[in-house]
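After this come two complexes, each holding subunit A, first together with subunit B and then together with subunit C.
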Partner chain A sequence: MFARAARALRDPGSSTIDARRASLGILAAFLAPALLIYAGFTIYPVIRTFYNAFFTIKPQGVVDFVGFGNFTALLFADPTFWKAVTNTALFTIVATIVDVIGGLLLALVLFARAPLAPLLRVVWFTPVLMSYVVVGIIWVWMYDYDWGLANATLRWLGLGGWEQSWLGQPSTALWSVLAAHEWKWLGFNMIVFLAALHALPGEVLGAAELDNCGWLAKLVYIIVPMLRTTVVNLTVLSFIGKMMVFDLIWVMTGGGPLWATETVSTYVYKRAFEWNTFDLGYPSAIAVLWFIIILAFIAIITRVFRQRDKLEF
Partner chain B sequence: MHASLSMRGVTAAGLIALALLIGAAPGANAQGVTIEVWSHEADEPAKVAFREQAVKNFEKSHPGTKVKITWYEKNPLNAALKTALPAGQGPDVFYVEPDQTEYITAGYVTPLDDLVNWNNIEPWARKVWTHNGKTYGVAQEAYTVELYYNKDMLQKLGVALPASNQFTQAQFLDLVKKARAAGMTPISQGVGDRPYPGAYITVEALLRKLGPDDYEKLFTGKLSFADPRVVEVLKWVKELADAGAYPKNFMTLKLGESHYYFYSKPGALMLPMGSFYTGRAFVPEDKGGQPPTFPLGIMQFPAMNGGACNDCKTSTVGASFAINAASKNKKLAGEFLDAMSTPEMGKMWIETVYLQTGIKADVKQFTGPHAAYFTELMERQKGKKYFVGQPRDMVKGECKDAFAQVLNSGFPGGLISVDQTVQMMNKACYKS
Partner chain C sequence: MTLTTGSGFAQVRRLPLVLFVVIYTVVTGGPLLWVAMMSLRTTTEIFKNPYGFPSPVHWEKFADAWTKSNYGTYFWNSTIVVVIAVLLVTVVGAMAAHCLARYTFRGNRLVRFAILTGLVLPPQLVILALFQILLDIHLYNTLTGLILVYVATHIAITVYILEGFFAQIPQDLFDAARMDGYSDFEIFWRVTMPIGAPAIFTTVTLNFIVLWNEFLFAVVLLTDDNKRTLPLGLMHFTGSHQLDVGMAATGLMIAMLPVVVIYAFFSETMIKGMTAGAVR
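Moving on, here comes the complex of A and B:
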């Protein structure tokens, strides 16, 4: 088997390199390492999470089968879960819209060769290279009531009456975290859009200019329709990422104040590791339910756009 | 020739295997063994130096045995332990605090009754770690909950501390108002990275108002938060919060930052804190410590009107160490715990960390640059009745979460009313 594989490598023109004609043994030998890692670190944990969701796990490995008990409790007797769902939905919808539209606008600024465009590209993209933990710590300082940049700027502008404990008020905490997220993430979408803009056929844009097409009309009737696939892909990717938001919120607020920034992911973590129990059953049920909800939404989005575009994610 | 070589080979292999087996026998030979320790408190140099000294002492008395300490911050340490221990992995010895009883109920820590020399540990410290007749942790750090204050600021306000070192409820509220009017932050406190400091004023008031028995009942779900005495305390704390007792950045200020806020910038009149305050304050000023001339004082928490136990005080065990039930080196791990708990190490703890300890230590004369502080701390303990443990040691699950979100942050942060607090706490904690 390995001899055949080696022969195939030595002689790329031989028929054995064609994966469609390779024997199952050869395919298995090449796929096994990756499949084993995938099975051990992805498939097994997923199956185990589904399995755990139907049990209450007690200390010393004792498990009690509870059927759909965890799901029933979750759906009908856990207000914190619903608070987390509401916050996650709000964060996901707003952040996805801002991510896509904001990224496109920034890319258009650079595409139009605005003054200082090369510098702006670096400035806008640099936060993407930082980890969420670093971004979170920086923004907690920025939002500090006494010495943070946000309130200092307001005072400097003579708007001291508007200063806030941005992360300490339930009404502003989620939006403040969202602003930090956008600061970090807009640059990524900008780069993707910029690459897509540069790939647009020049003759179409040139023809539009010859027809005296204004910039707004060119944007609405030519550029955006031609970027449709990129928009859809970024929307889906952004949606999935936001539905699982954890690290930034954990660093900045830990889900507080008064659960105002609690998301499904932070709630799963708290139930699994912060509640002084080793019960992984209930948090597994939350994870399973959320997995199904995300999957359903992706299926819907895919179905909506499937007619005209093939998604690549 | 070939056969004889093979025989020699087989014999050599047999001898090597035998040697390995002997080496692997527990306790038979400690050569080459490394005791793995996971510890919190990397940001407290005196405690780091203390534990590293214990490692040196242990390695000297156990030639060939090594101790490797991995330093963590508290939250990452707990997350690492909660994944490692159920998998039968993790270190031989790890940092633990008395509220983490889930390790005991889950069987992840081993009973230490026969592994540790208990003659060197204070009986009350052992009792904290005794569950169902077995002892699971060695207490290293013990502390009381204190109300630190800036003597100069108090003088500037023209307020004198009573001889009992304890204000009344009304006097304390008046002090807070005076401080705020004078442009001072009355109480430095923040809940940015801990689920308990924001509740210090509330729970200490509850302890004095209710007395130890009802106080314990309150946090174990046997007494309602709607009890009139509890409501009275909550109303008083609400008055403090509304009078601007806490900093504006209360919600994001971290524990270490609240120390700095108190003794350096911008400065505050008071700081309610465990007596582990010294771990951060008594480091050189250029490393974020308290200025050498800082006028530090300690007062008692205020006496409650009609309080059942105004002489009560919270005392508890903090940093402790336990042995992983899955450890293959339990005996050696126990000997390492002994090396951390000798009377000499106890003396070193008091003289360098400036904090109480569960280790028996005969220190009659306090020396060093902070001797006056430690003398004052001991003075404040005279005639006090201790309640051993804190609410966060008693609450679990949903109640633990509500304690962190409501009593620790939302209520003192002025976000909710007394009625909402009672309702939220009862829903999560009270088992009627």
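Moving on, here comes the complex of A and C:
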């Protein structure tokens, strides 16, 4: 008993008033509400989606086991799926590059003490706060053939010959949606880069100036390498977001014209709720496959960047 | 100190920079101003001249949108769903984050891992099964069902942000509180919550904006017109009244205004909140 008291005095970690320990009941009381809701409405649905992917599920509870049938049909007999994959891949790659490079450039403009930088930072961030539905409707108007700002600006510049039905033709639709997407998200990447830039050690940049280092050299050899962590984070974040792009496409084109903007997510939605196949199994298989692909790519991206880490040092 | 961090860039010729700044500001702000002006003009006026200033100013359009075009209902549905969901996810998430950050117990890492997995789950992976589940438990097409789904899908980000902050609160404070005879819940309520207020404010901001704008879950889980949230209502209105651009613009303003007004007063907090998951 004395030994225990002595130990308690020396090492507060084992005393009875240790604030780091609690009874099982108290732990459960703290965790249960979150875990129950999370398990019921996130974990269980995920498991059920994986399960559903091996079945054909019609309304009125008609369920047939098809094994890997959904996956083989998907991979070998569904050109629309592959069209959606191609579009999503294009969209993801281009948008991620624009996000990262554009965000960095905008951040540099503000970092270089552009006039009114604090105000511009707030204004340039505004679109990030808008919902995809709002952004989508605004940009459908922007692209309107007759009175949209896009064509009006071209006419005003004397480039009336370049007028397009931006969202109405397969060749421009995906890129037009992408432009709207970037309009919404560039400000986000800008803010993240700006925070990282302000966290850079001032002495290094000062030393570069003493060495008479040009601004481009300074950007390429000093700033970008020092921002690597931020670049990786934003690349992964942007990649995940774009691989799942749904809202904006749904509002602006609904996947049309002629599948030109169909993405994996819009295809999942359509197969589940719009096609008269009324089968929840097949779209579940798409969602599962796509999730695995996203995870694989995240692993590859982080791997590649870590590899370069090793090479540099 | 004469060496300032940005002066290297400042030496770049100023004119292209200023020109770029002006153009980008017009590109970001222009469309929003355009919608704001259209929201105060009638459709006839807009089709006569899409870029004119509102004269006369049709303030009554907001009253019409609110009562005649059902935007009032959409607005209240959004408000109810978002306020309750944010409140719930904050309390429930803070309790879990406090538990994970403060107590050492068997399974701590497993629980943390399970919750944080939610950060990478695509909504498409849960939405089809959620549709089935909510049908099974008779919560399909109810605001209650949507609220539960919103809470569940935002627990991960809430716990992620709060746990990171709570873990940095000095342990001494908790030891002292325990010495003073505080119970576990008193410690949570009177130590963690007040000290963690800035982080809680951040998650509230982030969750509020994300949920106010949420579309995919709502479009799958709600069908009745009088249950629609604002994004669904906007989509429905523009879909069924494609030519009534003026009224649609008023609707857009009703959806944007709460966010814009809060942003005008708390821009720094909102910027911090929206980027909380990405900036460390």
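The rule we apply is simple: the second predicted complex is superposed on the first by the 274 of 313 C-alpha atoms of A that agree within 3 Å, B and C clash if a C-alpha of one lies under 4 Å from a C-alpha of the other, contacts with A are read in each partner's own complex, and residues count from 1 in each chain.
Criterion: a contact is a pair of C-beta atoms (placed from the backbone, for glycine too) under 8 Å apart; a residue touches a chain by one contact, two chains touch by 3 or more.
This one's a predicted model, so the numbers in the text were calculated from it and none came from an experiment.
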Clash or fit (per the criteria above) of subunit B with subunit C on subunit A: clash
Which of subunit B and subunit C A:W259 touches, first, second, both or neither: first
Which of subunit B and subunit C A:V122 touches, first, second, both or neither: second
Partner chain(s) touched by A:T72 [first = subunit B, second = subunit C, both, neither]: neither
Partner chain in contact with A:F273 - subunit B first, subunit C second, else both or neither: both
Contacts of A:Y145 with subunit B and subunit C, given as first, second, both or neither: first
Touching partner for A:S165 - first (subunit B), second (subunit C), both, neither: first
Partner contacting more residues of subunit A (subunit B vs subunit C): C
Overlapping contact positions on subunit A, where the subunit C interface meets the subunit B interface: 140, 272-273
Interfacial residue positions of subunit A with respect to subunit C in the complex: 12, 17-22, 26-27, 29-31, 33-35, 37-38, 40-46, 48-49, 52, 57, 106, 108-109, 111-116, 120-134, 137-142, 147, 149, 152, 183, 187-188, 191-192, 195-196, 200, 202, 205-206, 208-210, 213, 215, 218, 233-234, 237, 240, 243-244, 246-247, 250-251, 264-265, 268-269, 272-273, 280, 283-284, 287-288, 290-291, 294-295, 298
Residues of subunit B that touch subunit A when the two form their complex: 78-79, 82, 86, 99-102, 105-107, 191-193, 247-252, 266, 396-398, 400-401, 404-406, 409-410, 413, 415-416
Subunit C residues touching subunit A - in the complex, by the definition given at the top: 3, 5-12, 17-18, 20-21, 24-25, 27-32, 34-35, 46-47, 50-51, 91-93, 95-96, 98-99, 102-105, 111, 114-115, 118, 120-133, 148-149, 151-153, 155-156, 159, 171, 174-175, 177-179, 184-185, 187-188, 209, 212-216, 219-220, 230-231, 234-235, 238, 245, 248, 252, 255-256, 259-260, 263, 267, 270-271, 274-275, 277-279
List of subunit A residues in touch with subunit B within their complex: 59-60, 80, 140, 143-146, 148, 165, 167-170, 254-259, 270, 272-278
